[in-house]
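Multiple structures are listed underneath, in structure tokens.
Okay, so subunit A shows up in both of these, paired with subunit B first and subunit C after.
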Partner chain A sequence: MLRLVRVTKRYPDGPGMITALDAVDVEVGDGAFVAVMGPSGSGKTTLALIAAGVESPTSGEVWIDELDVAHARKAKRAVLRRQKVGVVFQSGELDPLLSAVENVALPLRLDGWRAARAGAAAREALCRCAVEGLASRFPGELSGGQRQRVAVARAVVGERRLVVADEPTASVDTATARAIVELLASLAADGVGVLMTTHDSRLAGFADEVVVLRDGARVQAAGPTVGHGRHDRWEEANL
Partner chain B sequence: MSAFAAAAREGTRLVRSSPTRSAIVAVTIAGATALGVCEASAAVGCVALSIAVTVVARRSPRPERVMSANAWSRAGAGRFAIWMSGAVEALIVAWVAVLAGGLVGLVVLYASATHAAFNEGVTVVLWQLGLLAIVACLPTTRFRASKRTRTRRVMSAAGVGARVAIVVCALLLMLSLASGIRTDFDLSLAGALIVLLLVIVGLIVTGPASNWAVDTLGNVPIFRSIVAIAARHRTPATVRFVIVAAVSLATVFAVLGASVQARPDTQHLLDERLARLPVLPPNIALMRLNPEAEATSFSFSFPAFAPGLTGSELNGIRVAIARAAPGAEVIELHSLGERITTKVGTSRYPVTSTFPGCNPCDVGPYIIADARLRDVYGGPARYTAPSSTYQLLSPDVVGPDLSTIGVTRVPTEDAILQTFRHGGPLPSLSFADAVYYEVPAKSAVGLPTTISGMFVRSPKPLTDAQLARLEAVAREFRENSLPQLTLIGPRGSLVPLGAQVAQVAISASLRQAPWAATSAAARWAWAGVAALIALVTLLVTLTIDTIDRRRDVERLERIGATPHQVRSAAAIQTALQLAVVSWLSALLVVGLVKVGIDAFNHAEPTIPVPFTMPWAVVLLLTFGLPAAGAALAALVARPAWLESRSNENPAALS
Partner chain C sequence: MRVREAVLALLARSPAHGYQLKLDYERLTRDKPVNVGQIYQTLERLQRDGLVEREAGDPCDRRISYRVTEAGRAGAYECLLDASQVDRGGNSDVAAKVLLAVEIADLDTLRVLDAQRSALLLRVQAARRRSRGSVPSVVERLGLEADLAVSEAELRWLDLCEQELKGGA
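Here is the complex of A and B:
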């Protein structure tokens, strides 16, 4: 489904360049739940943005199904995001002027769906994420956890088969974070590929595979995990 | 640190936090101020543009200000402090820009213009400072997602009802005002009110109409995705206000101008032709006493009663005339009073009065009928006197209404005009200022009469020598005892020499009216200025909007919107809304001008004003403006620098 091959990303930094990612390989298959861990500045968000096609790598390949995302045009990558790849951002990034169901339906509307059909699909996605009761509320009326659930619903609405979640639990309490990760795990169980970045080793324990980054380079991979509470190894990896 | 100091500091920080935005606002205001200072005729437009830009900048929910407001709110700041920081920010940008632009403009004026122009420039700067300070005090915008509660739905329905009522009342009032315009005076009052009402109606109607148009377009499959973006944000009322006002004014001037230009200038041409005609037959002269003085009241004046000649004066004049023109007959005029006339002159032709109830205020004096006058005028008395405004100035005597029985031997102005319009021959003599309305002696029983003048009728044409002698007689009596005595010869006034009292007053051509663009160039200039103001306001608004919505665009693109969709949404939204605004404005204006012109023609059928549409100008405003706006919006909607900000924290608005 998703394959990153020796992906490197460099940003201009004053007179020089800073390497955010250095030849990283990651693969997420259908129904796989892969967690990317690392301290702040390790390149997790950059990896997630490149995986979702939001940004292009400086070098390397990014494949989603048979499409070379790294070399695809911006418009093509945008179509990919609204049809195949859902993205969950740290703080949800919901439109404050749209209700929850309108937010979830927005990618489908951007894809040319009728409003009614998109709304029905959005309600279904909200139901899948157990927030169907919040459909008519606006982001300002939701708690952090509820916002993230709505954001997850927006990421899975339609026929997306891959969800890229960038620190989806960064701004919520422990219980909510756990619930959100469980939601992502359940999506993976339904056949959706999930790539999640996090700095919380306990949450990474839900993943089938954990990729550890430090200073932009992959230092360790482990997995697949077998269930909850298997985070000791990641802590040992100097996180 | 006091709350004021903290707010001032935060306002300054907000200015610095978005330098591009602040610079765009400031440069626009400074440019408008400099132009308004240098060119007085553009001052109103420049001030309007500055206000529009400041309102947009102040009310647009830019991320930095929203974050600032939220942070202050969490820190315990009251609404006043939050408002003040925003007000300080707007005030700094606006005032610095006005002072900078004003300084540039005043330096240019100082070097090249007069002291008065310099003072006018200073006035523009002061107005700018004052008005923009008021605008800066507008409330700070904060995001408020509207939950659709029952109360809100009821309030919304009530609001719609109130708007419909306002629009209906305004339309009725505008129709009534447009139907009643007859003079420049009417136009100056009613026209201004109509434009104000037009803008209010346009502002109320175009908001929902634009939204409806955008939503309706969303039903077309190929536009669905674009409308999904466009429908989330609406064009600010400020922008609609500017466009409605600009398009309405330009359309009014263009349609009125084209209609006036298409009107045959018959009245003016006729006046010019009549002015070239001889006044009296070659064997006739008119010697008479003119009114002593004019009593002025408001903007028009009343001639005092013409004094009559005493018996000795009359005899003296008779003897002198007999010597000057031997064999000539003297036909005394037994006057029944004097006429009321406008300040413009003593013409028997209608003149446009600045007094609404007195147009025309022009009828001739009344005399006792005299059969000998047939030889003077060459025909019977058969033309009735105008009845609209005549008042006999006899304060102590109540007599018959002379206007219903007075008749003259000179064709009335209406009769001449109708003949002229249909290509008929003009009379050979104008009888300018020599028209008398004759009343049978039996109808004037009891009314005082005076002999205030006399026709001198020679059996043969008066020679130059005879006219010179008559002139000498009139001058002698003027100098000795009758300073009001005048003499009109066949070719016009002889005494006083060179006076224009006997000339035809040439009515001003409507084509010189200041309120209408009566040339194609003027119409294009108006349309161009309107389009320019609308587009500049739009450009500044779109630019500010794009800066303020960059995170929104980032968010959209992250969830799958393409740059093309973002541009298309901005273009289609702008085009649709400009089209709705300009079409509605043009439709309302054209309808009102049509109603006004029809009502005018019905009331003043002499020379009708045709309703003419300057199609090219109207098409420019209704199609060219939306097209240009769309192109501009697409250009500005997603600038390249948006790309470079993609690594910023996008969480600001969530």
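Here is the complex of A and C:
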């Protein structure tokens, strides 16, 4: 379970400071699929990097299960990140010199798993992402969508129950993007917590919860609109 | 589709009574409410014009069931094949509200946009939940897809608006 509490991030900007995130709260429970959406510059990538433990917030708390990672030592943070959180970046970022299955097994090998055991877990993760047939291919031999599926497999390999995906569909076409997001939704349905950033509302619509960021802060949509009531009625009529 | 045309087409599918037609109409138009009185009024007119007739139904069932006549069936098919009334898009007022907000200086358009987006996202999520919840029939599934297609097109348009409005700011 991931919980960001009043997370704020400021960067130096010339003589002053720029606020990339301003007291943002986000919670991703087990099996929840949360999309963070907003235009570029809204702070969503900063949020993803902090959620993944890659960056520290200027203030606020980042809880992964029972530990506040924001205030953990750097070395501990790195280990925790590797063991608990899988990260998917915009263009997969696989090691070009390793095969798909070796890429997926890599975080487990870094944790000291033996090759056979790590390989078996990696194959299982590839299978969950429907790319088990590509295990021995190298990243250069894969399409953009296949690379992203392998990256998702690496994010969920072993015991990882939390995936942070930063614009995982930025470098693929629309149909592939939907397939990747559907894969993330299916992993969430299996109990993995997923935090995904996107600038595309249509893709955000696959998530259980959508957090809209603008200028580093969460947008609270106006109170109940006519739309909400209509939708509830329509939903009831179809139950 | 007007109520008269929809009722005729629904009856060309299978005989039905008034309240069933009301429910089917609302499902077909994705929640456009219709008064059951309006359905009965429409049925009376269709009957007067020789397009529908009462069925000799189950004597224990007090509800009156209607079915199309041959002329009614032909009329329904003609209506379904007629594409001269193609709508410009979804029948929601998302675009109208955002466009009006753009022209009102002291109202923040992004607030209007956020409200519409939030409502559309709820709609999309609800449609996806429904499609996951059970195994829908082909008609139900395609109906959900129609709903999703319109909502997603509007979401895409809202993203474009936000991009333009932020870019222009």
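Basically, the second predicted complex is superposed on the first by the 220 of 239 C-alpha atoms of A that agree within 3 Å, B and C clash if a C-alpha of one lies under 4 Å from a C-alpha of the other, contacts with A are read in each partner's own complex, and residues count from 1 in each chain.
One rule holds in what follows: a residue touches a chain if its C-beta (ideal position, glycine included) is under 8 Å from a C-beta of that chain, and two chains touch if they have at least 3 such contacts.
Please read these numbers as outputs of a predicted model, since none were measured by experiment.
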Subunit B versus subunit C as contact partner of A:96, first or second or both or neither | first
Check whether A:136 is in contact with subunit B, with subunit C, with both or with neither, and answer first, second, both or neither.
-> first
Considering only the touch criterion stated at the top, classify A:54 as touching first (subunit B), second (subunit C), both, or neither.
-> first
Which holds for A:200: it touches subunit B only (first), subunit C only (second), both, or neither?
-> second
Should A:39 be classified as contacting the first partner (subunit B), the second (subunit C), both, or neither?
-> second
Of the partners subunit B and subunit C, which touch A:208 in the superposed model: first, second, both, neither?
-> second
Does the superposition put A:219 against subunit B (first), subunit C (second), both, or neither?
-> second
Once the shared chain is lined up, is A:18 touching subunit B (first), subunit C (second), both, or neither of them?
-> neither
In their complex, what parts of subunit A are in touch with subunit C?
-> 39, 199-202, 204-208, 210, 212, 214, 219, 221-222, 225, 227-228, 230-231, 233-235, 237-238
Listed in rising order, subunit C residues that touch subunit A in their complex are 23, 26-27, 30-31, 110-112, 114-126, 128, 130, 140, 151-152, 155-156, 158-159, 162-163, 166
For subunit A, which residues are in contact with subunit B within the complex?
-> 11, 52, 54-55, 74-75, 78-83, 87, 89-99, 106-107, 109-115, 136-141, 147, 154
Where on subunit B is subunit A touching in the complex?
-> 143, 145, 147-148, 218, 221-222, 224-225, 228-229, 232-233, 552, 555-565, 646-647, 650-651, 653-654
